[in-house]
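Okay, handing you the structure first.
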Amino acid sequence: MSGGEKVKVLEETFTRLGVQVSVLDRRVRVIALPESLRKVAEEALSLGFDHLVSIEGIDWPQNNTIEVVYHAESYNDDLRSLLLEIRVRVPRDNPRLESLIDVWPNAILLERETWEMLGVVFEGNPDLRHLLLPPWWSEIPPLRKDYKVQEEGIYVDLE
Amino acid sequence: MRVMNIEGIITWLLKIVLSPQVFAPIVFPGLLTALMVLLIIIWAERKIAARVQMRVGPLYVTRRLGGVLQMLADGARYMFQEFIIPDSADKTPFVVAPVMALTLAIVPFAFIPSAPGFVPIKSQYSLPAVLALISTIPLSVMLMGWASNNKFAIQGAVREAFMGLAYEAVVFLSALAMGLLYGTLDLEEAVTKQWLPGLLLNPIAAFTFFVGMVMSAGKLPFDIVEGEQEIVAGPYVEYSGIIFGIGMGLAYLKLYSLTLIYSILFLSGWNPVITPLYSIYPGLAGIFLFIKSFLLMLFIVFLRAVYGRYRLDQALRAGWRVYLPLSLIAVLLSIFLRVVNIV
Amino acid sequence: MSTSSENGVVYSRLIAKEGDESIYELFIGPQHPSSGHMRFIVRLEGDIIVSVDPDIGYVHRTMEKLAEGREVIKAIPLLERMTIIDSHNVTLGLVLALEKLLDVEAPPRAQYLRVLLSEINRISSHLYGLGIAGIMLNHSTMFMWAFGDREVWIQLAEDLTGARLTHTYSVPGGVRRDMPQAFPERAEKAIRYMERRLKDYMEIFLDNPQVRSRYEGVGVLKKSEASRLGIVGPNLRASGVKYDARLAEGYAAYPDLEFEIPMREDGDCLARMQVRVEEIRQSMSLIRQVIKKLPQGPIFAEKYTRLLPPAIRQQVAQTGQVKFPGIFASLKLPEGDAVSRVEMGHGEIFYHVTGAGSTKPYRLRVVTPSFRNVILFRYLMPGHRFMDFPAIYGSLDYFPPEGDR
Amino acid sequence: MSCPFSMLLIGNLDHTARRAAQWLVEKTPIRSLRDWAISFSLWPVHFTTSCCGAEFAAASAPRFDAERFGFLPFNSPRQTNLLVVEGTLTKKMGEAAKIVYDQMPSPKFVIAMGACAIDGGLFYNSYNIVRPKDILPVELYIPGCPPRPEAVARAVIMLQEKVRKGEWRREG
C-alpha cells in the first residue's frame, strides 16, 4: 500500500472516530478532545504507530488554554515517512489529561517532562516527579509564557 | 671485651650491612630496589601504554630523560597532600590497614634468596612461607575497604574476597607442584635443582602460576578489585595523601615479590652467576634474578595496553573451572616427572 | 509495586520496598567514571541489578525556553551546543524546519555540502561513542585510538567550515562556506587512513576475546521492545529494525546517493558496536560519492542573495564565503508550524517549530535521540550483573548534554 | 577520640607534630620540592559538567596529549587536586560540584573552562545556570566555546607556573 492510500485509510479511520483530521505534507493532524484522546491513541496503536516521538505543550495565554501535541511514529516501511500528530486543548488553570502509558510505554518520561515544564497533570502516571529541573524547583512551570526570562537587552526588537 | 677501635667498629658495621640477613631484604632484592622498581615500572607502564596509544606519556617532568621522575612527582605530591580521615570511617583500622598491607607485601623479601648461599633466613620451607605471607595481603585490603565505611569501598572489599578465592588456590597449587618436582620446598635448593628452567620442565604450572600472579596483583585484564568504572577506586576510595600512595604501590610491590618467586621457580633464578662478581661480593651476583623479574614485570604491565577488564564472575569461573584443574594437572605432571626422576 | 502491561513490556519494576535489607542501593552519581554527567540510582540484589532509575537533568540548559526568547537565526548556534560532537546534524534539523516555514529551498550544491558535513560529523560522533565504550571497559587503548583518529575528521571539518566542533554551517537557504580547493585530496587521504584503522579497531577491540566475552549476549534489546519503546539510532538498527531517518525523510541530497543501512539481528552490545563501525564505512563511501557528484552552482538561496548589494554578491560568488543580507537579523516566522526529522550519529532528532508572525519562534520543540534512549536504562539493565552496567552504558552511546537539552 | 588507645597514639602529639610539619614544609628546600611535585602531578577529577567535556577529553587524547604535563584524569575526588569545571554549571550540577570540591584534599585548584563557566556564555539568561565563581574559588578561566585543546594545555602550563611560583591560594 503506497503512502497515498495509507493516508486515506488513516483519514477514514480517524474521521469515523468523530475527530477533525487534516493532512499536511506527510503529517496526519488529528484535533481530538481530552475525552476521545484514549480512543484515538488506541486506534493509532492498532494502525501501527507503536511509539511516541514527543509530547509537547504549547501555552496559549490569549485563549487561556494549553495545547498538548502528541507526535507518534512507526518504523515499518509503509508508515515510515508519515507522522501522526494529535492535538488536544486543556484549560490553562487546571490542565489535566489521561496518561497514555499503557498505550505507548515510552510516554513515561515524556509525560514527566511536560508536567514539569508546563504543569499538565497526567492522571495515572506512576511517578510524576521532576526529570530535568532540580528537585527543589518551587516556581511556576518554566515553559509557560508568564515565566519571564531576562530578555536580551542589547537592542530593541525590530518589530 | 677488647677495646673497639674505629676500624673495628667500621668493619663490624660493614660486616653487618653486607651480611645476607641485612643486605638481601634491605638493599638488593629487597626494599630499596623494590622502591626503585616501583618508580621505574609505573613510569614504564604509562610510557608503554602511551606508545601503544599513539601518544607521548609523561615527558616534561624531566625533559631529556623522558619524564622518568613522573612517579617521584606523584609520590611527593601524595606526601604533601592533606590526609583526610572521614568521620564515618573507623579511625584506627582505617589508618593501620594500608600500613599493614605494605609490611605484608615487603616481608616476603626476608625469605627470597638472591644468590647461592646468600639468603636472609635459611629454611627448608621458604616457599610456603613466602606464599603464606603474600596471601595475607587481601585480608588487609578487605580491612581497608571495610574500615572506610563507604558503599563503593565495601563493594571493593567483597570483590577482593571473591578474587582472593579465585587465584589463591591456583598460585599455591602451581607453586607446590614445582616444589614437588624439585623435591624441596626451599627456594635456594629449587634453583640448584633446575638443570633445565622450570618453565620447560612443567609448562602447565608455569602458565597457571603466571595467570594466578596477574590475578593477584590485580593487573589488567583482571583489574576487578579497583574497577574504576564500577566502584570508583575499590577499597582505596576514601584514601587520600600518602596512604593512597601506599595503596597504589602495594599492587606493584606484590607483583614484584611474585615475579621474584616466578623467576626463581620457573626461570632458574640467578643461574648464570657471574663468578668474578660472586667471589667479590655474593649479594650482587644474583643480578640475573632481578633482570628476569624486571622483564617479566614489564610484560605484565604491557597487558594494560591490550586488554579491557573481565567481569567478576568471568574471572571466578576462569579461576575455578580452568586454572584450578590445570594446576591439579600440573601437580600430577610433576609427580610423574618426579617418579621418572627427571630432576 | 510492580506493574506490567499486557504485551510483555514491563515499564516500572520498583520492586524494592523500604526496609528491604537485601536491596543494596548505589548512587552512580554525577561524579563517577562511568556515568558521565548524570546519575543512576542502581538497586542491586547481590550482584544482580534489580532496577535502575536514571536521574538526568544535570546538564539541562533550558534550550527550548531560550530559543523562544531570541531571534530565529540565533537559535542555530544555541541548539548546536546540545550535541557538540555531532553539531551539523543537530542544526540541520532546525534549518530544514525553518526552510519549510520560510518556504525557501537550498540550491543543489548546498544540499550536497550538507550531506558532506553531516557524514563527517557522523563519523566523529561514532568514534567518540567507540572511545567512551572502550574506556568503560577500562580498555584505554580503544579510547585513545578512537579519540586520536577522531582528530583526523575534526581537522577535515575544520578545513571545510573553519571551526573544530561548532560549525553552524547550515543556515535557512543554504550553507555558509564553499568547499576549499585542496579538500577532495585531503578527504580521500583521511578515508584511506580510516579504512586501515578500522581493521586495527576490529582486532584490538571488537574481535578481542576479552571484549567479546564482555559484550556478547549482554544488554540484549529485542526487536519488538526496541520499536515499542521508540529507540533510535544504531541501538535500534542493531536489534533488527531497518529504520533510518535519512530514508524516511529523504532530506538534503540523500535521495540521489546510494547507501545501505547496516543492521544486526541479535541486538546485544556487540551488535551495536558493529553497527557503528559499519556506519563509519557507509559514511566514508557517502563522502566519496558526494565529492564525485558535487554539482556546480551557488551555495546560498537566490531568494536571499538577491537582497545583497551587487558588490557583495560578486564577492560572495568569488570567495565562496556567504554574507548574510540585513533581513536575516529579523527573519519573520509566518503563522503555522513545521516538523523535521534528521538522522544524527546517536539517532533520529525531531524538531517542531511553531511560528506566530514575530521574529522569535512561538514554541520550538526538540526531542533528541539520547532523550529517547534514556528509557532503555530502565529496561535493559535489570537482570544483568552490576559489572555489565558500564558495558551496556558504553554501548548505548548516550550523551547527557543532548539528553537533557 | 573515643578509645584511649588512639588518644595515646594521637593525643596532643598530633598538635605538636602538625605545627612542626607546617614549619618544616614552609622552609624553602621542602617548599620548592612540594611545589615542583604538585605542579607536575595535577590530576583532574573525572567530573564532566557539560559539552566542553568533549574538548577536555580531546586534550588528553593522542593529538594534544596532556599526560606530558603529568595531567592524568583520575576517578575519585580523594586522590586528585584539580577540579576542571567544563562548561555550563546547572543548579543540580552546582550542588555536585560543591560536594566534589569539599571532598578533595587540601592543596586543590579549580579551572573554569569555557565561556559558560566564566559568566554563563550562551546561556547567560537561563533559569537553571549557576556561575562557578559564585560557589567555587576559581584559579584560572579558559575562554572559548568550546576552548581548543591547546587552550586547555596552555591553562595547565599556566597553572603549573603559578604553583611553582607559589602564588596559589594558601589554605589548609
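Letters A, B, C and D mark the chains in the order given here, with residues in each chain numbered from 1 onward.
Please note the rule applied: a contact is a pair of C-beta atoms (placed from the backbone, for glycine too) under 8 Å apart; a residue touches a chain by one contact, two chains touch by 3 or more.
For reference, the UniProt names are A = NADH:ubiquinone oxidoreductase 30kDa subunit domain-containing protein; C = NADH dehydrogenase.
Since we're looking at a predicted model, the values are computed, not measured.
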Between A-D and B-C, the pair with more C-beta contacts: B-C
Centre distance in Å when chain A and chain B are each reduced to the mean of their C-alpha atoms: 63
Computed distance of Cα centres, chain C from chain B, in Å: 47
Between chain A and chain D, centroid-to-centroid distance (C-alpha), Å: 45
Inter-centroid spacing, chain C versus chain A (mean Cα positions, whole Å): 23
Sequence positions of chain C contacting 2 or more other chains: 32-33, 57, 60, 62, 65-66, 69, 144-145, 148
Touching two or more other chains - residues of chain B: 53-55, 228, 232
Interface hub residues of chain A, defined as touching at least two other chains: 133-134, 142, 147, 149, 151-152
Each pair of chains that touches, named by its two labels: A-C, A-D, B-C, B-D, C-D
Partner chain C, residues of chain D touching it in the complex: 45-51, 53-55, 57-58, 61-63, 75, 77, 88, 90, 92-93, 96, 99-100, 122-123, 125-129, 145-146, 148
Chain C-touching residues of chain B, taken from the complex the two chains share: 49, 52-55, 151-152, 155, 220-221, 223-224, 227-230, 232, 304-314
Chain C residues touching chain B - in the complex, by the definition given at the top: 24, 26-27, 32-34, 47, 134-142, 144-145, 148, 204, 208, 210-211, 213-214, 385-390
Chain D residues touching chain A - in the complex, by the definition given at the top: 90-92, 95, 124-128
Touching residues on chain C, where the partner in the complex is chain A: 1, 3, 5, 9, 11-12, 56-57, 60, 62, 64-66, 69-70, 100, 227-230, 236, 241-243, 247-250, 329-330, 339, 341, 350, 352, 354, 358-359, 362-363, 365, 367, 371-372, 374-375, 404-405
